[in-house]
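Take a look at the structures listed below.
Each of the next two complexes has subunit A plus one more chain, namely subunit B in the first and subunit C in the second.
Presenting the complex of A and B:
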């Protein structure tokens, strides 16, 4: 009798749990600055969410993903974040560097896990860093990985850093300088650049200083202008950059001037014959996305962020924990802290722990050849990043 | 005969009466009712809604400042967000050592000093040339913050939680506390400026705007008046910046960039340049318009109303923002303040037409 009662109770509980709705909000720039990346990122979040619901990857939960256009305005991000708290969302998908840095004290106070599209190391550095999780390696690690590649290709090379005039651009500069010293290469100059129409003077100066490589921590627009100017001037300078500096966006903007550009990222390329890239193409086709979405590296970036959040919610739910409200936030946070899984969207698995808030720890170097980026290394981890940033 | 409760004409017979703020008791009463309803407003709003209201109040304070410089004194400023930023960064640097009721006015003071310095070119240049000079200050501010390790190179400086008279402000009451603080500051500073306008210093602002040579001939000092206008406008902006720093829990350069200056200018134009009421209506209108357009855009998106390759839903918000400013400039350059005046006049005489 007791056994029957327990079975009935369990079935009742399961039926109540099945179909429980959990909201997941993304707040980012679909319009305004950086929307050229944000709009594809948003589509990635939306599509992975639909896919997870349709394919039963949610542990019986109904995940309602809400995409909000914050127009790259921190006040809008804060308002959206507050709405998510008020509604009892367990985790939040963010976007910009400024928005994430600004919200850190609030994130810590309410204990809501936060997964931004900004890979700024300050997001996961103290203080208030317990609840922010980067999907892939930080900008600092990306730039150091580029420098490591350059040091191998051209020992003692002279390098100029061309960074965006913002916390996003400046984030890796100090670490890059320390890494360059360790690697025996020289950072000749750090140049801030954004929205310039012509970089002839800057490039001529670089050439006079004997710069052999320009390393970009920037967005694709100004990078494209500079590589085109370098080609026009016939300069023998190589170009390399971190995640947001390169990719298909750069190829589209710079055309054949981008040929030879060295780029590091943790994501697969759209045209690649890998399981992850094929999955992204299939998903995009399934949800009738246009070709420019399928070509963008920001589309799988959005998918990865959504996949991480949904997997953590599922695990918390399957462990019998609540997944909404204050208790839900804590349960999903605990799930994230022990999360190890491979959604196949990047070149390595997602691994988080209490001391490691970086999801995918691997990246690859790629080179623009014949109008597409082709991998020139196997997935690797920066050897120097931990030493220069954490001193270990 | 003049009825102090209901007055359909101008019955002022002395200069003293002419400088009074309120013409009738009913005007005073309606303001008191408005202020009382604002006191009880938080009882009906959720936390996210409170944040929006707080934001409108902070913007209103900054726009009052911009209206002093641009609306009343006629000095175009497109670097106003930088003054807001000076106040915010000053408050952020002082916050670990001083209570908020000192850091916020000190933020205003720092911004006023910056405003006084930025105002110096106005002694020699006017109009578009002056606008470019203020733009230069905006860019210098952004560059200076971006290269200052003290200011985290534009990254976040976290603001501490505050304790006021034994009342500890935490997550739950954050927006409610700052609502009341901002409301009190806004009321005090708005009344202060309204009264200043009744003095010779206030009238000098308007006189210099209308014709600085004539003002000079009448014994005013146009140069000092212009610098005073810049400093006073910047003081209001600095106080708004200090309040915004506490409200947003951190100071980040992106909140004080050129686009914010443009937004503030748009708010003052839509509200009505040179109008106190406009300084409140402009920010409220644009912030609420944006929120409503967001809902409308989401509704369109849900209905699938979109042209191939064009994301109409996403384009709605920036498109509407631009369109509203153009329409106001073309059809109602006096802004919402003029609509407010027309509505008030209608009810003043109601039920009579004249």
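Presenting the complex of A and C:
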């Protein structure tokens, strides 16, 4: 009896010392489709959360991060989201395009801020768009930035879009078509392509149509096969892509064939000598992550999502607001709407406002050279995206 | 014209990869009337074993492949002994459910290794440039796939026609009870079929990994993508698997080459073979070369 009493007292004392506990859930694909990104994203969430707790970046709160494997299944995502609502979590870290688009009405209804790994512009477009926050620029802006780069490099270029056969892949197509008109380049064809074993037919057709650039809004697997096939066929076509199309995964899968690939992203590269890249390496080493984690661009992506959520929770807490339950959700939402901070994980600061639900507004173009992606531009914003998407 | 020929050739070589992956299904079905839903996971295991041996242990890739073929054969044998043997004589749906469970189990086990969610590539061992002839191009891994398919086809043709075990296997496929009454060990035949399926799966995993990189999802999906191949060719026909694979490969390529420009967004390569499959099944419900089972009551 005495022993039990001592244990209970010790637990109480420990909880007081740590302060209030706040749960933060991430639901994404640790297994199943796209787990090649989700696995590392989850590790990023976990590690930043540990780091924030250990380094006192939580305003005295104890943030308990929970990563859940939803296997890229929207029904699982919804179950996890509902559990987070019932527990009184103040903000939710999501993952897929499909899951986010499907949950938008529920997100709006319960007023829980939602930060997905999907950068689909539809996530933050009306209706039901008050509570979804993109960590970095949308796919649409990424692809338009690629087109802007191409227009500079080769005015009047003929371009084919090779997109994933899903809402994720189709997301930037309409904006890209409008932007191409403005830029004076021609989108010859939009081809939906899933993972295949041979793209000779598609590539030969593109070559017959005079395509000079293929722009990918896809995942690294099919892009790598297509890039390898293009090299084998000796085609004089350049390749470029948005965030999920390129990166170290593409280099690993395509090898030399990826040389010259132009890629846009808001994240630093693993080997870069920048403060952000060094921080990611140090954190990965601190938590004993293997080298493939340290080399993945999805690892800092997960960190950034967690950093945004934790910073918003901290600010709400330090403003004397509750950070759990309905009131907590609203307080954290308000904190997100005014959030401006630079965790150093991407090429620009996170800046949200009531009318801007895109965190990092900057990106860079990089080119694969000598087996790594090397920046070929300074951080920039697409000039055309706002004009073609919002008409301003 | 050269465009058309290129599409045909590309279809043929891709079809050979499908055929290789489909052989495992056919072998198991032929012997035991079981559809193995874990075939994709066997393919993944085969590829990851080659990768682990060649990258982590620095082994020669061909030696790694031989060891992988043996290991997946042992895995097939083990699976049959542990999971399927207790189900001999049970309803077929129970056996199918076990293979679905086995798929989950194997996939979960792979996720516990460093290979779970990553993208990997075999060390480069073939020239990247490919082979060109009269404007037609094929890659070396694709040539390797055709070669492997021909080898396996020849080996299985000999095995089923000439060897005692192969003839016993055909007997079991034809009538289990009659085969047993003649002293054929059905258990031995089943175990052998699973081991042989493991071998073909490892070969397919090696080829797919060489062509498009090693990713669990991609490898497993090949196991499912070859379903139309085996249904078209006939679930219990080895030549059917090869012809079905090549037919699907060619149809995919022709559709991508000629129909995609007419359809906004394209993607007809993934659909058109299924349309043809439905038409074929309309007239040949057991596939092109499958055994017609007529039950008289």
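Everything below uses one rule, namely that the second predicted complex is superposed on the first by the 374 of 392 C-alpha atoms of A that agree within 3 Å, B and C clash if a C-alpha of one lies under 4 Å from a C-alpha of the other, contacts with A are read in each partner's own complex, and residues count from 1 in each chain.
In this section, a residue touches a chain if its C-beta (ideal position, glycine included) is under 8 Å from a C-beta of that chain, and two chains touch if they have at least 3 such contacts.
Just so we're clear, the structure is a prediction, and the values are computed from it rather than from any experiment.
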**Report entry** Fit or clash - subunit C, subunit B, common subunit A
**Finding:** clash
Query raised in the report: Is A:83 in contact with subunit B, with subunit C, with both, or with neither (first, second, both, neither)?
Result: first
Report task. Classify the contacts of A:345 with the two partner chains as first (subunit B alone), second (subunit C alone), both, or neither. Result -> neither
Report task. For A:290, select first, second, both or neither according to whether it touches subunit B, subunit C, the two together, or no partner. Result -> both
Query raised in the report: Does subunit B (first) or subunit C (second) touch A:101, or do both, or does neither?
Result: first
**Report entry** When both partners are placed on the shared chain, which of subunit B and subunit C touches more of subunit A
**Finding:** C
Query raised in the report: Can A:75 be said to touch subunit B (first), subunit C (second), both, or neither?
Result: first
Query raised in the report: Counting only touches as set out at the top, which of subunit B and subunit C does A:166 meet: first, second, both, neither?
Result: first
Query - Which superposed partner A:205 touches (first subunit B, second subunit C, both, neither) - result: second
Requested in this report: State whether A:127 touches subunit B only (first), subunit C only (second), both chains, or neither.
Outcome: first
Report task. Examine A:109 and indicate which partner it touches, taking first as subunit B and second as subunit C; both and neither are also allowed. Result -> first
Query raised in the report: With the two structures fitted on A, what stretch of subunit C runs into subunit B, 94-102, 130-138, 148-156 or 238-246?
Result: 94-102
Query raised in the report: Where on subunit A do subunit B and subunit C both make contact?
Result: 30-32, 35, 39, 165, 170, 192, 290
Report summary line: Per the touch rule, the subunit B residues reaching subunit A in their complex are 46-48, 51-52, 55, 142-143, 146, 152-156, 158-159, 171, 248-250, 252-255, 294, 297, 309, 311, 314-315, 317-318
Query - Sites on subunit C touched by subunit A in the complex - result: 3, 6-7, 10, 13-14, 17, 107-108, 111, 114, 116-121, 124, 128-130, 137, 139, 142, 208, 211-213, 215-218, 221, 252-254, 256-257, 260-261, 264-267, 269-270
Query raised in the report: In their shared complex, at which residues does subunit A touch subunit C?
Result: 30-36, 38-40, 165, 170, 189-198, 200-202, 204-205, 208, 220-222, 224-225, 228-229, 231-234, 249, 252-257, 290, 292
Requested in this report: Mind listing the subunit A positions that touch subunit B in their complex?
Outcome: 30-32, 35, 39, 68-69, 71-72, 74-75, 78-79, 82-83, 85-86, 96, 98-99, 101-106, 109-110, 122, 127-128, 165-167, 170, 192, 290
